[in-house]
Amino acid sequence: MFDLNIPLLSLLIWTPLLGGILLFFINQKNDSLIKLIGFTFSILTFFISIALLINFDTSQYLLQFVEKRSWITTLNINYHLAVDGFSILFILLTTTVSCLIILFNFSESRQQNNKYISLFLILEGLILGVFCAFDSILFYIFFEAMLIPLFLIIGIWGGPNRVYATIKFFIYTLFGSVLMLVALLYLSFKANSFYILDYYNLALSLDIQILLFLAFLIAFGIKIPMWPVHTWLPDAHVEAPSSGSVILAAVLLKVGGYGMIRFLLPITPDAGLYLNSFLIPLSLIAIIYISFVALAQQDMKKLIAYSSVAHMGFVTLGIFLVFNTIGQTQDVQDISHIGLQGSVMQMLSHGLISAGLFICIGIIYSRTKSRMIDDQSGIGQVMPVFSALMMFFLLSNSGLPGTSGFVGEFMVLIAAIKNNIIYAILASTTLVLAASYSLWLGKRVLFGEVSSDIVTSMKPLRLDEFWPLLILAILVILIGIKPDILLDISEESSLNMIKIITSKY
Amino acid sequence: MINYLYIFPEIIITSALCFIIVLDLFLPSRLKYISYYLIQFSLIFCVYYIYSHFNYLDSNVSELYNTGIFSNIFKIFILLSLVIIFYYTSVFLNYFNIYKTEYFLITVFGLLGMMIMISSENLLLLYLGIELLSLSLYSVIAFNRNSLFSSEAAVKYYILGAISSGFLLFGISLIYGLTGSLSFNEIFIYITSLNISSNIDSVEIIGLLFALIFILISLSFKFGAAPFHMWIPDVYHGSIITTTLLLSTIPKIAVFVIFIKLLAIVFSGLFLFWSDMVIILSILSILIGNIIAISQTNIKRMLAYSTIANIGFILLGLSVGSVIAYKAAMFYTLTYVITTIAVFGLLSQLVYKSKSVENISDLSGLNSSNPFLAFLLMVILLSYIGIPPLLGFHAKLFIIQALVESNNIPLSIFAVLMTVIGSFYYLRVIKVIYFDELKDELLITSKLYFTGTYVIGLMLLGLFPDILGQLSQYSISNLFNA
Amino acid sequence: MYWQSMIIIFSPLIGAIILLFKNKSTDFLSSIIANSAIGISMLLSLWLFISYVSGHNISESHLIYTWYATSGYFFEIGLLIDSLTIVMSFIVTFISFFVHMYSITYMKGDPSFKRFFIYTNFFTFSMLFIIFSNNFLQLFIGWELVGLSSYLLIGFWYNKPSAVSANLKAFVVNRVGDIGLLLGVILILITSNSLNYIDFFDKLPLLRDSTINLLGYHIELLPFIALLLFIGAAAKSAQIPLHFWLPDSMEGPTPISALIHAATMVTAGIFMVARLSPLYDLSGYVLDLILVIGVSTALFMGMVALVQNDIKRIIAYSTISQLGYMTAALGASYYSFAIYHLLTHAFFKALLFLCAGSIILKCHHEQDITKMGGLRKIMPITFITFFIAGISLMGVPSMSGFFSKDLIIDIFKYSNNTFVYYSLVLGVFITTLYTSKIFIKVFLGNNQLKIKKKLDLEHSDALIIPLLVLAIPSAFIGWSLFDGVLFNGFFDKSITDYTRLDQFYILHVEHSLSFFLHSLTSLSFIMIILGIVASYFLYYKDDGLLEKISDKFPLLRNILLNEYGFTSLSNTIIPTYFKRLANIIWMKSDVSIIDNFFVNGTANLINFISSKARLMQTGYLYHYAFTMIIGLLLFLIIFYDF
Amino acid sequence: MNVEIIIFYIFSLLLLSSSIAVVTVNNPVKSAISLVFSFFCSAILWLLLNAEFLSIILILVYVGAVMVLFLFVVMMLDINISQAKEGFVKYFSIGIFVFATIAGLLSYFFYNQFDNSSKNIITSIDLIGTDNTKNLGYLLYTEYLLAFEIAAIILLLGIISAITLTLRKSATNKYQNPSQQVNVSKSERLRIIKDEDREK
Amino acid sequence: MIPMSHYLIVSSILFSISLAGIFLNRKNIIIMLMSLELMFLSINFNFIIFGNYLNDLTGQIFVFFILTVVAAESAIGLAIIVVLYRNRQSINVQDIARLKG
């Protein structure tokens, strides 16, 4: 550990934002310059996040790299950035995936490319802001500001039904977040501060906690998304351009899970315990029901979108199970710590895998101009390398051990079984269901006879398409075989979180 | 006796008016711009004067008139807003060849009315100020004489405005009858001397309640709060766009000042009653504004309903009755005015099929023809929705924060939910601008340098909301200390 | 031992990775890399096996690396090296090596030649990963990885629709079993706080009386875990009712059928139960269930083989049936017998498949045995090796299969479990029937396909050598390992049935020779002879006889053809109902109720209210004035009461 | 029974009935006349209330100027008055209801509020001073000077806006524009035409 | 002696009549204007009554200003009506409903 006097977090957030603003002023005809700038800024952000990782002390749970400046003095709102073990993982995910997306974008040509990439950079900066902000209003600001770039990305460059999808997406998520605003303000009123960690120490009555809990739940539940508020996601995915889908699935959904860990767990544990008999079924429904819905899809993107919802069911399950440890023995707490870690892991892994899958679908779409499963068949014979990669991601998506997809599910199931074996039995059906829809997709699209001339004439994989996929695949395997690289980073924070929750009451 | 130094800003304006009225008669049409610049100059000079005598003026002229820091801040704000409005107006009128100096002159009369309203410490002066403002607005609305819409709007506004004046006067007469005075200060003393909570059914209190209802209704009418909002959509729709710009911005500030002075100071003893009334007004406004706006196709009309909703938010802040809430309401008002100037100013610069922009669909595909303009419009609309980190968000944040601090959680939830519903119609405009196909090229009446700077300033204000926040805090604390 | 084992495990993986990233390589180079990778493993395994057999019988556990460690819980990747490991590793690498060698010829000219070897190398690695694992997590990982390899290899010819359907089915069915395995593994983790086998076995006495709450019922923990784990084993080892993927998996290349779907992967379930013998010893009623499943699989699946005509499918059903025998042995707690049968079966069944592959290759990928015939002269080596493997399978005394199978049958004979005993003996009769059927139809009779005899051997050396090499253990390994290894305490350190074994040996076997002599009078030998006689009449002498018999029992025939309904269940009913259910959930619930009714419904409702509410703004001045006045009135009325 | 009371009741009745006539009569001219009569009645009532100056102003300014303006506009616009008041009956009941409620509420309130104390009796004695006009004037020019100035501005605004709104440059009218006349330049006044014929 | 409440009641009835007149009138805007005049008249009444009651001239001062302002207001109102009439050739209340919804 050596102390850097650079405000690394501000740098992290503002590098992509400035890059985005800069790109607005670049002539949209100058395509190579746009790509160069976009990539430079994203890779720069990535390096900053690596610097962050190197300097991060994993042996403690305290906030690190704290930056605090007063911002809105009338309400005592501060520009307060910091990271802990959870945030840094998500920061890494964001910077990595963003880098790869911009790399992947090289393969696509479109109108107003400067704005497209600019919006991506801005989105990246805002998402990073969410993960760094420790002032609740600052958090909220980043949380909600994220909507705009994505709204535009989907709306301007999206598919034919984009208007419906974007407005639905926007209003849905806005609806969720505004209630959270009220909750945050209430908490800040009680705590007399906007610093998130101050909320952890509040003693709130159960009724209040339940209300707060519901507010946060709606906000993050929509974002993540949970059943039954998931319906915006398939629409948004289907209409989004490929890279938009990637960032939506890979990073944006994680904000919901991150928020749950940051707010739901430590602030309203009692309410969580009280409502758990209602929440855990929701997660289980997400896992089973949504998997069935995924099975019925004809559109590749929709299928993967629904599969995202199902996977996020595991995340919420792992998080909600933590509530059940309140008042239990140390043994149970340790297990729920594993569950929490599993949720984090599941998010990270899903970030990588869904990114890979959406890139794959984007590659198919860019060649066949169709996302319908029925329209393609036998791509494996035309694009073997691509098919191998896509198959790999599909298998990871079905939770194959040795890939990252397994780790999170496994750890969450550990926590589930400790709580109630029925939860685990129901949740573990995902092994079959996820395998069914993932492999069924692979079977229909990649295998079989070549269906049409369009497929026959598909161009082979280009390097700028190949590398993002390969890097993602390597990461997926790496995490799958040695997950403690990442799990150790959040270990202390997670233990501390459990301690906060259980010691509070 | 009056120390005329204190009312020097008003004197500057009045004398400039008188001078320009005469001068304009003798100016040839190609030199009419001189009077325009003179007006602008006198306004700016007035700002300068108020600013340089900011503290010096901090005293009561008499029982009638107060020129404290509180009033001065608003006066400067109004004057500056009017300068910007005049800029857009002159561009607009010149483009459509309906330029007349009288338009500006009549507006400046209204300005004078507003300054009187802001400074008034007496119901009589308040009445005169309101009337001066209203009369000038009636004429300004009807200014585009050849338009059927304009004259219809003017008639509607006139009749309803007169009714509201009647209500105001009726209320004032009751106050006068009960307290024997028209001075804010004396009324305040009278009301606080009554022991409200113990004799809640006493006749005096019922009388005051009657007066309060009449005055509140009249002011709500001027503000545009439901159910006294009926004029707003029609008048906004019927007027030329720069008049709409005028109508929707600075009068709201003046009315807000009156609201805050009357409710927070004069009738502060009756808080128990008026907070409920204001809550009813605000709930109705937010509901009606947001919901009816959804089905609008005319952009001015849509913005009119959005105004109603915004007014509802301001009233929501006022209803809390704490200093923080007044601050929040003031912040909201300023934000609303700044944003509204931006949106109408920007729209006034657009020409569709050689007419001013009317329907939302006129804007379709703006992004492909003029991306910068589209961007500016989007920023403004997002600010209206309250998307952080734009100014509109902070405004809503302040209001909701005030509500939460007063433990009024259901109202705050209502407010945020209506924000979500409200976001829909703004989004529809953004959708038209960004996602729809280009229909006919939109022309721009002038370069976007000013508007661009203005909107970017708006964004900066959003990043540094402390500027407006501190201003609100400063002025509200001054109001209560004075 | 650590490094040898590491090399055994990772050599195939390295081979696979080299092949994967080696861009340009000829088929020859690929095969060299793949074979040498496996070859190294095989040689080391062989060496280890010999050293273990010759007395160096120790059990040791190593940590390779930590997967994840948190307070109180430790997830690791490690090695457990003991006699069971060594035997399994010997089987796997040995067969794998020869199948690889065989595949060089078999797969020659295939455009995806390299890919094939990547898969097989990877499979070998995964299998070894399971075998050497010292903990449940690793077991599960390897379990799924072999499933993956199997999936990939079944669908090797991915443009063949039947192949991709079959591999999907195989994977999904295996996943059903994996649910059980995973839950069992996790239950073990949370009850014993460890995933390590040895730690778990140490804790077993403490867990004997613990129960688990399932829907309010308190269920004994250990049997429950055993049951869950057995579900995994049943799926992998193709036991009823999760067996139906195995026949379909014959869509893959024949060497794969030999390697994965006969000799190694499908035996993983047997291996696991044997590995966990301390647990199963304590699992009570679950053992009975295992026994029932094993016996019924052995009997009923063998019967299905009778009505099949596809050579590979017959052998596949035979495999299932033989796995049933092993399972039955497990159910009787004679785990070592199961492992022993696993060992012998691996050789002769692999050999059978390789022979079948050889035949198929010769017959230009014709697999229907009724269309073949008279290959005896054309393929003498295949004929001889097939004969050896066949009689081994039937259990003709002195062959490998005899020693292992008759041991299993004898368990029940001596334990007076007559029903099981007769069932298994009947199974021997059936085995004999279908083995003879293949033999007769393929090698005897007329050369229907008009295949020409070439002057050289029937195929190249690389194809013949494996056949010959595998024929040796198929014939002799049973006898050679019987006294010296099986009953000599070889498995004492790894499997808990040594006391039973010793007793069995003393009471019923005495010696291999006496066992052999004794068996000549046993019921099963009679059955074999009966079977051969019957098949002579049924298949060789009179073609019409079989038809007549089957016409007499149409119901039985149909049941058998339909595999007791499993075919239609797995091919049509489950997929159709799954799809239908999925569609209903999607269209009815997700789209109609949640999305259209709640989400869009709210939006439409607001829109509707809006369009109605805007009519309030009539445009008439008197209405506006009226509204104001009514507003005034309401305010007056509301607040008058204050 | 005193004269004042008689006057009060008579003129109150007249006032109310004429104002009802203002509202209900079809013809705007009649309506205007009724209004004039209402003003007149109120002026008399105001006299009773010691507001001599205002009652005279009411007659002078209102009846003399404003109502004349009304009548003038009514005449000028030549409004078609023959149409029947359709829908009047339909809304009449609501009108009566609203009227009754508001009037009832207010009257009830006033009755309770101001009927009890002895101060509530309007006396005929002039309490404010002998010269109502003078007192008013004094107050107007001292205490309410600012208001007075503002009233002047309002009137100025009234003038300007009324003119701006109604002044129309009719095409048929011939009129001179003083600013044009004053600012005329030489070049505009004199046009030099080349006489081409002569050059030839 | 006339009780003050009688005066006030007269004025409040006047006020109510004017209010009713405003929305009962469906034909002519000018009549609406006249109703408004009635309303102001009633308010003036109030002021004068209260002034008298309080023995204070402020009420009458107020009335003076109301008269002034209402005169100016009427002038502008009539001007607007004239403008409207020129555009529409009608000042029928039912005709001026182009702006709605």
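Residue numbering begins at 1 within each chain, and the chains themselves are lettered A, B, C, D and E in the order written.
In this text, a contact is a pair of C-beta atoms (placed from the backbone, for glycine too) under 8 Å apart; a residue touches a chain by one contact, two chains touch by 3 or more.
All values reported here derive from a predicted model rather than from experimental measurement.
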**Q.** Number of steps on the shortest touching-chain route linking chain C and chain D
**A.** 1
Q. So which chain is the furthest away from chain A, centre to centre on CA atoms?
A. D
Q) What chain sits nearest the middle when you go by CA atom centres? A) A
Q. Based on CA centres, what chain would you say lies at the far end from chain B?
A. C
**Q.** Distance from the mean Cα position of chain E to that of chain C, given in whole angstrom
**A.** 97
(Q) Distance between chain B and chain E based on Cα centroids, please, to the nearest Å. (A) 26
**Q.** For chain A paired with chain C, centre-to-centre distance based on mean C-alpha positions, whole Å
**A.** 37
Q: Take the average of all CA coordinates in chain A, do the same for chain D, and state the distance between these two points in whole angstrom.
A: 70
**Q.** Residues within chain D bordering two or more other chains
**A.** 98, 102, 106, 113, 144, 147, 151, 154, 157-158, 161, 165, 168
Q. So which stretches of chain B touch two or more other chains?
A. 124, 128, 131, 135, 138-139, 142, 145, 155-156, 159, 163, 206, 210, 233-234, 296, 424
**Q.** Multi-partner residues of chain E (each touching 2 or more other chains)
**A.** 15, 18-19, 22-26, 29, 32-33, 49, 51, 53, 56, 58, 61, 65, 69, 72-73, 76, 79-81, 83, 86, 96, 98-101
**Q.** All touching chain pairs, where touch follows the definition stated at the start
**A.** A-B, A-C, B-C, B-D, B-E, C-D, C-E, D-E
**Q.** Residues of chain B defined as touching chain C within the complex
**A.** 155-156, 159-160, 163-164, 167, 200-201, 205-206, 209-210, 213-214, 216-217, 221, 227-228, 230-231, 233-234, 273, 276-277, 280, 288, 291-296, 421, 424
Q: Note which residues of chain C are touching chain B in the complex, please.
A: 603, 606-607, 609-611, 613-614, 616-617, 619, 621, 623-625, 627-632, 635-636, 638-640, 642
**Q.** Interfacial residue positions of chain E with respect to chain D in the complex
**A.** 1-10, 12-21, 23-28, 30-31, 33-35, 37-38, 41, 44-45, 48-49, 51-53, 55-58, 60-61, 63-65, 67-76, 78-83, 85-86, 91-92
Q: Quick one: which bits of chain C touch chain D in the complex? Just the residue numbers, please.
A: 626, 629-630, 632-633, 636-637, 640
Q | Residues on chain D engaged by chain C in the complex (per definition of touch) | A | 94, 98, 101-102, 105
